[in-house]
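What follows is a short report on a single structure.
Going in written order, the chains are labelled A, B and C, and every chain counts its residues from 1.
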Amino acid sequence: MNNDTVAVASLLSKSNPVFCCYMFWSSLLILKMLLMSLLTARQRMKTKTVANPEDLRMMRTTEVRFHDQNVERVRRAHRNDLENILPFMLVSLAYVACGPHALTASLLIRIGAAARLLHTIVYAVIPLPQPIRAICFFINFGIVIFEAIYVMICVAKYI
Amino acid sequence: MNNDTVAVASLLSKSNPVFCCYMFWSSLLILKMLLMSLLTARQRMKTKTVANPEDLRMMRTTEVRFHDQNVERVRRAHRNDLENILPFMLVSLAYVACGPHALTASLLIRIGAAARLLHTIVYAVIPLPQPIRAICFFINFGIVIFEAIYVMICVAKYI
Amino acid sequence: MNNDTVAVASLLSKSNPVFCCYMFWSSLLILKMLLMSLLTARQRMKTKTVANPEDLRMMRTTEVRFHDQNVERVRRAHRNDLENILPFMLVSLAYVACGPHALTASLLIRIGAAARLLHTIVYAVIPLPQPIRAICFFINFGIVIFEAIYVMICVAKYI
């Protein structure tokens, strides 16, 4: 067994600093996504917007309500996370497994994750005027595209 | 090459019982998530609630309808799965890759997955009074938080 | 250290052609999912359907609107992707880690991914009469079920 095989085998392991970086920022993004559920719950309580009859008593209100603007804003931000953070995490995993340049990969993961953290703040916590949210969105968007194309070129012969 | 490196390299492989446990429960949760699509379809048929014009003939109805309470309940449960099961699976993968204590990790994966299975039953199959659904939700929620923080501490120096 | 351990350790690495095939098609599906955001934006611009007050100026319109049929169609297709592509990618990862028959696994990944690409075209780009969309849906659906059951049998003793 040569050293090369060992190196390849351990790209998705704690011995690879890039994978460690990926795990750190992924975990932080996951925590951020969980926070959205709590933000939604807070807005539901504030505005007494309850979607299920069985939740009425817990929220101290008497009828189900939908389409509250404050609740829907957080829910749109949460859905945007599902649409962008989960793909970012899955494609970054493949990207790390391709063994990219360590510094580039770590920077892309950090910037992509930071952009999503900022996106949540300007969307659901303190709504700020555009194009701040659009910029955060497209930074992460561009990184996902770059990583996906990098992976596809890297493994193109196994199509 | 020493034994330590081998052990690290194979944490995400069939030779690691914790990863096997993770794969078993992840696959079961995926099957459960697919079931939500069938539950939605069943409710759509029962209540003739069709969202696309091209589906009208297949469902033997004449116009599109939205906001049926039975359909929306299953869809909310399904969305809740996307918001919680997918993060649970992704963070557990990183957690397993960190090489946690085997018994603890297996128990967390089993309890977290079982909580989500129960969550679906009391939300979308047989709606039960609160706080049963809230308890199921927060068991899984707490486990995801624990695992994410565990991973972040474990790889903190590669931030 | 024997050869068997090495082989197991490297299933989730570039040295495994099945994993390379998985990475290629996963990345393509991720790109396809990102495209849905752009399709939604295009429909929002065309129909001037803006969900956030802060986006009004950017879209050159004066009030928020919801429930536009063209926007909602793309959003339903996008949500269907979240419900099916992400589980497909996660279960396929576990499936590849179980070391399945190489040709079978590669074919399942290719067919499952192709079915989802076609699903998007007939749902959100050029809406076609049923059952074309249903067939695309159930091809991928069936493959996810097969892979999940394969994984569960493969690691059943670590339940």
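The criterion applied here is as follows: a residue touches a chain if its C-beta (ideal position, glycine included) is under 8 Å from a C-beta of that chain, and two chains touch if they have at least 3 such contacts.
Predicted, not measured: the structure shown is a model, and the values here were computed from it.
Under the stated contact rule, the graph of chain-to-chain touches is complete, every pair of chains being in contact. For the self-contact between chain A and chain C, the two sides draw on mostly distinct residue numbers; the shared fraction is below half. Rounded to whole angstrom, the centroid-to-centroid distance between chain A and chain C, based on C-alpha atoms, equals 16 Å.
Residues of chain A found to touch two or more other chains are 1, 9-10, 12, 82, 86, 90.
Residues of chain A touching chain B in their complex: 1, 3, 6, 9-10, 12-15, 17, 19-21, 23-24, 26-28, 30-31, 33-34, 36-37, 51-52, 54-55, 57-58, 66, 78, 82, 86, 89-90, 106. Across the complex, chain A is touched by residues 1, 5, 8-12, 67, 72-73, 76, 82-84, 86-87, 90-91, 94, 97-99, 127-131, 133-134, 141, 144-145, 147-149, 151-152, 154-159 of chain B.
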